[in-house]
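Right after this note come the structures.
Two complexes are shown next, each including chain A; its partner changes from chain B in the first to chain C in the second.
Coming up: the complex of A and B.
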């Protein structure tokens, strides 16, 4: 075994260990505290959990690339809402009236295109102005949300297409449509990050930007592609969710960016970039969803859930820091 | 060898920065298959010259000729494409990535659809690693390697392209002797393929072992090229130091007081080992050595920024443990740091606030800061140190380097220290202010402060010190008094040549 393999394994495995702990805790605690008759580890319950993980999870895959790259995207919640509106509203446009159910792929494509373009805009600004991604996307978060309200005021945008609802609610091989999308997104992004030149360069950029520039890699285009991917995934997340629900409130998707970042960080991605794993992010998404669901199962209300997740996040990052602290030669801060 | 076409020529390169002529009409010719040493003191312009060659700086005048064609370098990539490869001294590696990915950074072999061709990547990398005789393989994560092995990864980058010229910038700084042998084999290999090599190093024994010719820079000017076989250390040292500068030794001797600070067998991991010295009141002790010799780290330890792994520190004969800068200040130790703008000053604050920064907690009038006493302190040290500023409201960022440094010194004097450590006191300060700072340091010693001056400039240490401690890679090689020191024996001591450790502890 090479040196460092064990510690890498420990780090990679940490999130899964945490999930197992959660499962054990909620199963046992559920026996005593739960109001419902069903066990926590019930198959249907777990399938539902996967499905409910999808909206955050799909976006988290994009956030992982962006964060490994050394950037961050706070505008995903707003992008999510805009894409949802485009999806639902475009199906009612007279332009597409003659298409029947053929409008569905058109609406999907439009929504996904919207997300990608909004992401591209973020990326372009970060690339060309050199302003920190945090600031740029903080601005676009507010701006994109403004667009949402301009579209329909405080009113929800609704449109139910039953063919679409049937598709979204379907189960295939036991898994819900949303779950499939989450799995496909995870696999695709994993492939991108681990098998392609783009993915490997993204890691290098986040790790040591000077070295990358010295090696002649153009940093800007890589960043822009990543912002387009996260925009696309935010839209995909909206498409999957609103195909089923059929109604979007102008406030929908608020705080999504924070949940997504929480999941990614819990999965071990460094805020400073250069390190992170798609599989661990998947674990982080499941861990958060388990926590929310589990705490609800044993009768905790939403505020308690938020408190607990917040505490766990800080505890995990503190632990991580302690494990990673270098030897004594480090200069004290 | 002389009738060959040079692989690389630099002709009449001039590069100026505001206020400084960093390179003045420097020329350098590298022939195929030769190892050409580039030597000079710290700050002589070697790295500026290499940055011009690498396209990081554009020269104001002069041209770069690769082969027979003049070339304009706009970026490191461009230089690499033209066959000029840099092996940097500072490691520029991505630690989370594998060895192979680092070696081929920016040039990962591709398959269709932008996929990485891992098989080719690993085969090629392993072939290179085999040549280097290292004990790790292509898949190892770079962060898991020792610094020396990381340096080997850096060196491996030279072997990925069809290089015309390879620049090694202090490649052996972190290598063991066995690894050096491998490196020299690699260099010999490149040589036999007709690659021209520029080898930057301070280590004379290496220079004489592997180079063919030696070019020397001093103060940004070209001092000449010597054939290694026909010269010796003396001659090179002479060229490097020159005689033009004010090399007058410190002559003023005055009564020294008691020992204010004594250090016994102090070590800090790999940074420095077994360091012992003492400083008396009224004495200036100069620390001279190459960058990375461990001098700044010793100062940081004395100031409580690092924990020593062994050894003792005695203040006025009493053993102390210094846990934090706060602790150090309380015990009367002050540090004027190396990086004036980054570590010494808050550039956006005015002169008065910078000066009283360490004691503003004590200057209170009720819950408020006592502005009156702050201004009083500022006025006192402005007069004492002759700080030229329109008034205390001036932002320090707008002052000249010399006056900024005086603010930092004044800041620490106002804390009434016993021991004042000054790290690179005149870096980036113009010549006039330099001598002013030097006089100030001498004067402070006369007033009874124990002063440690860390400097990479030989004239400076010679000029201000009563005694000089020469350091080489984390160890004290020798301690000189100002009477016995010469430029030659000093430069030999810091190059690690002299095995002469007799006066290790003075």
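Coming up: the complex of A and C.
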């Protein structure tokens, strides 16, 4: 074994080890503490876990590439809400009244287009003004949320289309529709990041922007494409979720950005850019959902979930730094 | 006046752009609605901005030192809930110092993680946002907190009282702004905060104990949050667990609007106060003009980006970013 292989292996596998630990803990603890007759590792329960991971998970894939690129997007929750409203409201527009169920693909396309455009707007501002992505998306988080409220006030926007609900609740080859979307998004983004020029350039930009500029690669378009992808995925997440629920509150998606960033950081992606893996993000998403479900299974309430997730996030950051500390030229003080 | 070149005007706008924008807004809203400059209206705006403003003062320290604090919102909920709960249990005289001590402990914990363990402040405070929210819910059992005797308690003076004809929240805000402003601009500690944020390595080499400075900045932030919690609790005498939710980003918006750079090393208390007031007056002005409440979010979005953009553009001498 090469020196350093062990620590690399530890880092790569850490999130999966953590998931296994969670599974063991909740299975054992569930035997004593749970009021439910069912075991935690029940097949139905695990299938549900995947389905419930989908809304956060789909956005987390986009957040990973934005963060690998060295940026961040805080506006995903608001983009999610706007796309959901466009999805549900456009199905009631008189313009599409004659389409019958043909309105579904139109509504989906409109929602996805909305998300992509909002992402493109963020990307364009970051690119052309040079303002930090944190500030730009902090602003658009407020701005997009304002648009959500201006659209329908504090009223929920509702529309149930039963064909759509049936589709969203269906199971294909045993997996829920939402799970399929999560898996497809994961696979697509994995392919993008590992098998295309765009992906390689994104890693390079996050790692050393000056070198990339000197190599003659244009940084701006890559950045903008990433913001469009995360906007698209935020909209996709909304499409998947609201096709089933059929009603969106103007507050929906609030704090999603925090959950998504937590999942991505748990998966080992660096905020400084240049490093991160889609598969590990997938692990991070599962780990968070497992934690929420597991704690609920053993009878803990939301307050404990918040507390535990916050502390785990800090602990992961600490451990990660301890593992990385060697080889870095850090200032000894 | 012949000596005023384009560069000088540009430089003035870059340095004092936020003040210019402030004046332009005030004139615009006054023309649109004469009630805008009414003393009662102005007092009302400042009063309702006081809670946000007090929190922004502390976050200014953290941001100048080159870090972020996203936990102030949930920490404020925590302080509010704790002081309301203790008010009935041990009386206001003891409840207030107890609440301050508990909030400062949280601040010290964050300061320890970011300062001494050198963990990334964004992630640490993100984690603490969630953790403190959980702590608050555990403390209150998820229930709203209310004071039993709302009429008889002197505790309401911090949020509802007047002294010398000025509402107490404004007095607290001004007092803290003056004290912290002096601390930042007139003392060695203040210079150290700028040094650590501007160039941490250089600061360390010149013998500044960086960890201790960052730690103290988070203590300042917690102190301000506790004061804000006190005002909030005293104003409403009852509270939900989520009273401060989302405030962290509004606070940060105010600080950025005041011209503090997220990279650290720049910003002043005075400009943060201006940033807070701009947010408050825009909100009020848009309502007086007759627009929907939510329009302010969109306007804030545009203003934040414009403010930061012009600031950067003035520094680099070009309007558009050089990114290819």
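Everything below uses one rule, namely that the second predicted complex is superposed on the first by the 322 of 333 C-alpha atoms of A that agree within 3 Å, B and C clash if a C-alpha of one lies under 4 Å from a C-alpha of the other, contacts with A are read in each partner's own complex, and residues count from 1 in each chain.
Basically, a residue touches a chain if its C-beta (ideal position, glycine included) is under 8 Å from a C-beta of that chain, and two chains touch if they have at least 3 such contacts.
Predicted, not measured: the structure shown is a model, and the values here were computed from it.
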Touched partner set for A:300, first chain B, second chain C, both or neither: neither
Touch check for A:143: first (chain B), second (chain C), both, or neither? second
Figure out whether A:113 sits in contact with chain B (first) or chain C (second), or with both, or with neither. neither
Touch test for A:23: chain B only (first), chain C only (second), both, or neither? neither
Is A:188 touching the first partner chain B, the second partner chain C, both, or neither of them? neither
Thinking of the overlay built on chain A, is A:220 touched by chain B (first), by chain C (second), by both, or by neither? second
Is A:279 contacted by the first partner chain B, the second partner chain C, both or neither? neither
Identify the partner contact of A:204: answer first if only chain B is touched, second if only chain C is, both if each is, neither if none is. first
Would you sort A:46 into first (chain B), second (chain C), both or neither based on which partner it touches? neither
Touch count on chain A, higher of chain B and chain C: C
Using the superposition described at the top, list the residues of chain A that contact chain B and also contact chain C. 213, 331
Using the touch definition up top, name the residues of chain A that touch chain B in the complex. 2-4, 8, 195-198, 200-201, 203-204, 207-208, 210-217, 274-275, 327-329, 331-332
Under the stated contact criterion, what part of chain C meets chain A in this complex? 113, 117-120, 122-124, 126-138, 142, 201, 204, 210-211, 246, 249-250, 252-253, 256, 262, 292-298, 300-302, 304-305, 308-309, 312-313, 316, 320-324
Chain A-facing residues of chain B, complex: 75-77, 80-81, 86, 88, 92-97, 101-102, 105-108, 110, 113-116, 140-141, 143-144, 268-271, 300, 304-307, 309, 324
Touching residues on chain A, where the partner in the complex is chain C: 74, 125, 127-132, 134-136, 138-147, 149-150, 213, 218-220, 223, 254, 258, 261-262, 265, 271, 301-314, 317-318, 321, 331, 333
